[in-house]
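Look for chain A in each of the two complexes below; its partner is chain B in the first and chain C in the second.
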Partner chain A sequence: MGIIVKIKKKFKFLFKLFSRKDRMKIGIYGPPNAGKTTLANRILRDWTGDVMGSVSDVPHETRRARLREGVKIEVDGKSVTIDIVDTPGLATKIDFHEFLKFGLSEEEAKRRAKEATEGVIEAIKWLDDLDGVLMVLDATEDPYTQVNVTIVGNIEARGLPLLIVANKIDLPNASPARIKAAFPQHPVVPISALKGLNIDTLYREIAERFG
Partner chain B sequence: MPHKCTKCGKIYPDGDPKILKGCECGNTRFVYVPKKKRETKKEEFSGVETVKIISPGMYEINLEKIFSRDEIVIAIQEEGRYAIHLPSLIGKIGKRDKKLRDKKKSTKKD
Partner chain C sequence: MEGVQLNLISKDRLDKMGSMEKIRMILDEVKRGKIIVLESGLTPEEEAKLIELTMLEIDHEKFVGIEVESYPQKTKGFFSKIFGGSGGRLTVIGPANRLKTIQKSDEFIEALVSLEK
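Moving on to the complex of A and B:
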């Protein structure tokens, strides 16, 4: 019994290669307001004509994970069908005062903070059921944060395929190169999920990595 | 910049005339004390908690712990009060039971 486990561990990559599922479940992760739901909406609109959820300038708009099954993406004659999980933004601190600035009442802000905290836990628990991760980062923000490093480190430890999306390149101070420098071990695709810039490259990468 | 005595470590503020006369310990050598380095704030979690409720609507989340543990332990404001998130714990027990069941099945087959 022990020998089989040892062999399995040693040839894990081969087992993975041959036991690849027909349909990969891909999670969209990242810090709040990076554009995760905007990207999920873009993918669904492009390939199913549907949307995933509402987006907002107020952080932690998505507070429950949402699953959309069977999204068929076709690139260069190659087709890949994936299940997409849009997750709440990951953070180490959630403070309702932040939401008050956006005109929310104290009660609403406190409820949002509580739901956002539960959302972080839910997002992390989803990782157990995934086959790959799209990590969305805001290219105008500093990528060297504790949250980003923790997420990437954990995804690496789980051996999940990871594709980093440097979002918001339509903004003048965006720097996808800074993200690439922070995580040189992973492919980085610069896009604007809102404007659809470079989105075809992302679909090609998705087909390549998750197909 | 403040000066620090190389012998006893006493710190004199910037421009203190005592620096010219020498330290109280008799030493006349000082080093500059560089401005306080910007401390990278580490997570203040010391115990078992995965989520800390600082006050209603303010939370600190220990991502590392959530990643590495199955159960969610919530620290509630006052020292020493904790809550365990039952669904996560039940999920863990469920997983453990499933593993045990699977193990029993495989041993039966053998």
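Moving on to the complex of A and C:
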């Protein structure tokens, strides 16, 4: 890596401190089936009356990043306008056999797997064009996965503000405390994107951190 | 003797290698069915690059991806952010169909290596 590029990367977090944009581009990241698109849909429905994309129990439903510009969020007299990027779920392995269990044909499953691999690459590329990240984790799952560690490490290395969303707290075995213990250096907001539980607290945090 | 080959790579050796050299070596060995243990691990950027290249090489038949396990990075201070510090911590990488993580916490990783491909 060239010395100039290295220096630019090292000082990027300092540069960001002094050059806040009027409108921040916020990426929604996380592993497959954590509820990223459900959250994007919730935010858009609440503030624009629109939706981002379809959701499904089959992993890797979102296989292309989707951008929605100019979403205005107003909480307690404070307002923030953000561009939202809903990204495909990150994974280190994609086996088409997993999709067969959901009733897909072999041809469909292979096509989905191929598109999912492209989606993972696209999600990683987007990291360089963002001003902040909402990381969505399934609160019923173990947060200590390598994908989660890698996402957090990359966000920290780029100096991006990060808000961790502990999703699916409406489920009986959800444990947002486990997520807080795994990533104590970052704020964690427990919500249910599907049911809208504690969503106002999330909007307050978004306005606070990305405003 | 039937078994799984484990390659334990020292920090000294890793320090002499460039990022792409490390990633290429890891992917080539993992695709041959080996388990790689890195004493000093990878930086977050190298891990992201490893995932990217893995996605490009998945063929949906013989190679479906990798299993990677490492401990979370220690939180960096102001000066280490500017001047750089050590890379990642101890990391285990293997083919997804051979290496399975059983349990993982901040200070402990338990994994299972299967003999069958």
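The criterion applied here is as follows: the second predicted complex is superposed on the first by the 194 of 211 C-alpha atoms of A that agree within 3 Å, B and C clash if a C-alpha of one lies under 4 Å from a C-alpha of the other, contacts with A are read in each partner's own complex, and residues count from 1 in each chain.
Going forward, a contact is a pair of C-beta atoms (placed from the backbone, for glycine too) under 8 Å apart; a residue touches a chain by one contact, two chains touch by 3 or more.
In this text, all values refer to a predicted model and were calculated from it rather than measured experimentally.
Once chain A is used to superpose the two complexes, chain B occupies space that clashes with chain C. Here chain B and chain C are compared by how many residues of chain A each touches, and C touches more. Once chain A of one complex is fitted onto chain A of the other, the partner contacts of A:I94 extend to both chain B and chain C. In the superposed model, A:A113 makes contact with both chain B and chain C.
By the touch criterion defined above, A:E156 reaches chain C but does not reach chain B.
In the superposition on chain A, A:D50 contacts neither chain B nor chain C. When the shared chain is aligned, no partner comes close enough to touch A:E69: not chain B, not chain C.
By the touch criterion defined above, A:D200 lies against neither chain B nor chain C after alignment on the C-alpha atoms of chain A.
In the superposition on chain A, A:Y144 contacts chain C only, with no contact to chain B. On chain A, the patch touched by chain B and the patch touched by chain C overlap at residues 90-96, 110, 113-114, 117, 120-121, 124, 127, 146, 150, 154. Looking at the complex, you find that chain A touches chain B at residues 90-97, 106, 109-110, 113-114, 117, 120-121, 124-125, 127, 146-147, 150-151, 154. Those residues of chain C that touch chain A in the shared complex are 19, 43-45, 47-48, 51-52, 54-56, 58, 60, 64-70, 72-73, 75-76, 81-84, 88, 96-97, 101, 104-106.
Listing the residues of chain B that touch chain A in their complex gives 43, 50-51, 56-64, 66-67, 72, 85, 88, 91. Remark: chain A residues 1, 10-11, 13-14, 90-96, 110, 113-114, 117-118, 120-121, 124, 127, 142, 144-146, 149-150, 152-154, 156-157, 159, 182-183, 185 touch chain C in the complex.
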